[in-house]
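Heads up, there are several structures right after this.
Shared chain: chain A. Partners: chain B in the first complex, chain C in the second.
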Partner chain A sequence: MTEAKRRLWTIVGLTAPAYLWLTLTIFLPLSAMLFFSFLVKAPFGGREIEFTLKHYDAFLTKSYLQVLTWRSLTLGFHVTAICIAVGFPAAYVLAKQVRGRWREALFLLVVLPFWSNALVRIFSWTIVLRPDGVLDRAAQFVLPGLPTFDLAHSYPAIVIGLVHSYLPYMILTCYLSLQAIDDSLIEAARSLGASGFTILRRIIVPLGLPGLATGSILIFVPVIGSFFEPRLLGGLQGIMLGTVIEDQFTAVFNWPLGAALSFILLLIVLAILAVSWPLLRGVMRAA
Partner chain B sequence: MKRALAMVTTALFVGIIATAAGAAEVRVLNWQGYGTDEPWALELFEAKTGYKVVHDNFNSEQEMLTKLRTSPGAYDVVLINSAFTGQAAEEGLIQAIDPSTISNFDDLDANLRSNPAFLRDGKLYGVAWTWGVTSIGYNEDKIPDPGTSISILWDPAYAGKVALRDDAVEAVSIAALATGQDMNDPADLDVIRDKLRALKSQIKTFWSSEDEWNKEFSAGTFDVAIYWSGSASRSKKAYGLPVGFLIPDEGAIAWLDGLSIATGAPNPDGAAKFIDFMVSPEHYVRWDNDVGAPASANLVATGQLPADAFNRKVLGDPKATANLQFMAPLPDERREAFLELWEETKTYYAD
Partner chain C sequence: MTAARIAGLAGPLVLGLVLAFLYLPIVVLALMGFNESVHYELPFRFSTRWYERLPGNERLITATLNSIWLALANTVIATTLGTMAALAFARYRFRGRTLMRLLLFPPITIPWLIIAIAMLVLFFWTGIGRGLHAMLLGHVALSLPYVIIVVGARLASFGVELEEAAASLGARPLQVFFRVSLPMMAPGIVAAALFAFAISFDQFVISYFLAPPGVSTLPVEIYSAIRKGFTPEVNVISTVVIVISMGILLLFARFSRFGGER
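This part shows the complex of A and B:
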């Protein structure tokens, strides 16, 4: 066997299980959902199969669905932006400033939220954010006489809950990019008289960009489809496109409309990626 | 799959009781833990009539209907929600009951015992047993006089202090009651949409479970909220919350359970006696005191509860049952239309 052939077989052997698994668990259900989205009714209980485009048409004709899509996208941008603002500096400190045991301990703290159930995390926020809740009492303790604030059942509550859930993704992906930066690059820049801000702007951010981009995608995509976090934390602000999709599957038996709305969301995500990818690549190449 | 499983278990069940047949038995089909299977009650019934009671359970209305269809002759008494009594009678799954065999029949609330859902061609197919409503819970301490109208939900005095359950059918039903429409088939959805939109400044939040209702109520998040009668009774009795419960003049969303006799029942006499015992004050008073029960259709039974019992004080008033609207099964299209209206309205709330 030639070297090239052996290489090929190694690649196939090592990756085949993963791709087979992905095909089975992602591609097949997604195809089934795509098929459903063109049906009049979910094909259960011996219903006849009848094709239609009306569920996609619903999105174009019903303005509240468009309003909700915009709400979900806005939520995605807000959560991702806050995750970048909080996660990137944290990742930098972890990658470049902290060493040894401390780094391990801090890493543990970052990953800790993942150890608890997502629903439990969100429920605990409802206790923290309500008036006379944990946060309110702590604020009153530090600054007595402060007017009580009520963050429960509001849009900020949704953002807080989601940032808490997704921040670790941003820290971990940024950490991987940032710790790969050669320290001598930064030393060279410093010896050539670059200010701290210039180093950040010209070296750290561009080289950390792959991590930022990966983290942003990992956060933005699930957040725009989120449903139980807005429902539990948002009160009157809790309706998003994700909750409407959930309702189609749970409250009424309208799988086709739920599937169609999911695919419209997927198309929007792909469009956003298609637009932002050349931009990102340009910045990275410039660096 | 579920249906197949139900059929297999039914077949097994039929096999078991068929071998035991001959002994004087009453075979009951009901939800588990729902009044008919209290051990003390069964002992009492056996002592009175000599009939032994055997139970089989279902987990959904559809399962109950399937069991009746697939094993005729296996059951004597079956619990059927009034929304399904008509369908069961039409399919010939249950038989007409002679009211004169039920000695407590005249004590049953007239609005409930002659509910059209139980009647078919003038014959009785279900005996009204228990009922409950979805209506308005309010904070007794803060609202000493809630009035008698559903318009309390729209009262500007409670702006930002109202909560609804995040449920399309319930929201549409409330607005249908408030605008004088049939909640199961409202004629004018636009009027309902406007009525719901008018709640925008009133609603503080939505609730989704009894536990959440109690937590938010005690935290003072809301003072007036849609609530279930059984839960309101528990909140007051078990948690000591100052919950008042209002059944407005415009009516409330109600459910009603009846007891029926299956077609081909092996022991029709035992079945009638068992139903008579179930609707009697003797059974109900102990059930409510010891375990906690829904409201009884039997006015005499309700009258024998302690004076402060929720089921007597709040639901025992015959006026309460006068304007109830009972939930009926909704066709898919209507359910989808309700959901769309509700989602559109919630989008308006969030705007």
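This part shows the complex of A and C:
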């Protein structure tokens, strides 16, 4: 065997198992899903395969599907915006104000909850937010006579739960880019008379932008595809594109419609990734 | 100077509030596992009855064992295949390398809901079917990219010089691999394995869609328990899950600083 051939077989031998696996479990399934989305009915039980565009047509003509898509996108915007508003300052404090061993410990504390099961965290919010739950009791204790508030099964509950799930992403990505800012840059600006606000606007935000943007994508994409969080926390307010897709497979059994809606969701995700590609590529190189 | 002092206090305050927000539900969850009331009623009365009852809850125990076995199998397969691919990427430049690395992103970036449904459609259609084997297929697919990235980061942190030196001193390729490459890669592999275990053990969405009636993993069982009406036993098992997951992360942090500065 020649050297070049040996080299080729080594590469194939090392990479083929992983990529065959990914083909079987990611790329072929996505193709099958696309195929299903053009079928009149799922081809089970010897049913004839018949093609149609009616599921995509349904998306274009039935306004409730568009409303749901818009609701999912809005949810994504709200959750991402709050994560930015909370996560960026927290990351700044962590990266620039806390020093030494404390920083390491606090950083670990921030990412630790992230590693607990997402479902379990959503479940715990249902206990916290329900009427006569922990939050309600605490409010009654501080201000007796306050009308009981019921955040369970509401839109804010969904937002709170999702922010809780995804906030560590934002803190993590912002922390990584803010940490890289040279302290002497900030010192120089200050000694030249820049105000705190100017430093924030001209140095910290621009240099923290890659982290902000990466964090936003990492949050926005999964949130628009979320389904169990809105279902558990939102009740009737929790009907989103994701929950409707779930229903097609677990309750209504209209698989082709579910496949078409999933594919539309995938297109939205791909559009977002395409727009942010220059940025992701930079992050990928750095990784 | 007062402005500076306020600014100095604002920092810890922000961080403190964020941490309180992050830990509030987790603490409440854990405490409610020790509360006597079935309906999580307050005031709090300490009791360990839910912990005592857990071993008798066969459904939860079976689901937990399923989760553990699944996570172990996933760890072995994903770590092995992923390390092989990472080795190829780190040691060879070849055509299609960039494209292949790019193909690692779909499993990470596409929402799990879409991936899960795509798997369900294909597996059901082709007769692979649903069940623990189907979940294993899915979990490995989600873990592979992370393993390749984590092990790849470790491999990138040292060059090929040692391997070349060993080879030039007469070591055969397998000897080079087991005596030189593998020990150097070890911290990355351990970190990747912990990562893979946690991904599988915490995975809900894929398992949920690929679970046939009667077969479930712990997260799937928790989901149906929540929807059917809670019982504090779910709190107990959730607390245990959180402790395990966080323990794994702490181990992970010891072995790699999230991709390896060390």
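Heads up, the rule we're going with is that the second predicted complex is superposed on the first by the 243 of 287 C-alpha atoms of A that agree within 3 Å, B and C clash if a C-alpha of one lies under 4 Å from a C-alpha of the other, contacts with A are read in each partner's own complex, and residues count from 1 in each chain.
As a convention for this text, a contact is a pair of C-beta atoms (placed from the backbone, for glycine too) under 8 Å apart; a residue touches a chain by one contact, two chains touch by 3 or more.
Everything numeric here is computed off the predicted structure, so don't read it as measured data.
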| item | value |
| --- | --- |
| In the superposition, chain B vs chain C on chain A residues touched | C |
| First, second, both or neither for A:Asp247, with chain B first and chain C second | first |
| First, second, both or neither for A:Gly235, with chain B first and chain C second | first |
| Which of chain B and chain C A:Trp21 touches, first, second, both or neither | second |
| Touching partner for A:Gly76 - first (chain B), second (chain C), both, neither | neither |
| Chain B versus chain C as contact partner of A:Gly215, first or second or both or neither | neither |
| First (chain B), second (chain C), both or neither touched by A:Gly196 | second |
| Partner chain in contact with A:Ala152 - chain B first, chain C second, else both or neither | first |
| First, second, both or neither for A:Leu30, with chain B first and chain C second | second |
| Doubly contacted chain A residues - partners chain C and chain B | 132 |
| Touch list for chain A against partner chain B, complex | 41, 62, 64, 67-68, 71, 130-132, 152-153, 231, 234-239, 244, 247-248, 251-254 |
| For the chain B and chain A complex, residues of the former touching the latter | 166-168, 203-206, 208, 219-221, 332, 335-336, 339-340, 343-344, 346-351 |
| Interface residues, chain C side, partner chain A - complex | 7-8, 11-12, 14-15, 18-19, 21-26, 28-29, 32, 40-42, 81-82, 84-85, 87-89, 92, 94, 100, 103, 106-107, 109-115, 117-125, 137-138, 140-141, 144, 148-149, 153, 198, 202, 204-205, 208-209, 219, 222-223, 226-227, 230, 234, 238, 241-242, 245-246, 248-250, 253, 259 |
| Chain A - residues contacting chain C, complex | 7-8, 10-11, 13-15, 17-19, 21-22, 24-30, 32-33, 36, 43-44, 86-87, 89-90, 93-94, 97-98, 106, 108-113, 115-121, 123-128, 132-134, 137, 164, 167-168, 171, 196, 221-222, 224-228, 232, 242, 245-246, 249-250, 255, 258-259, 262, 265-266, 269, 273, 287 |
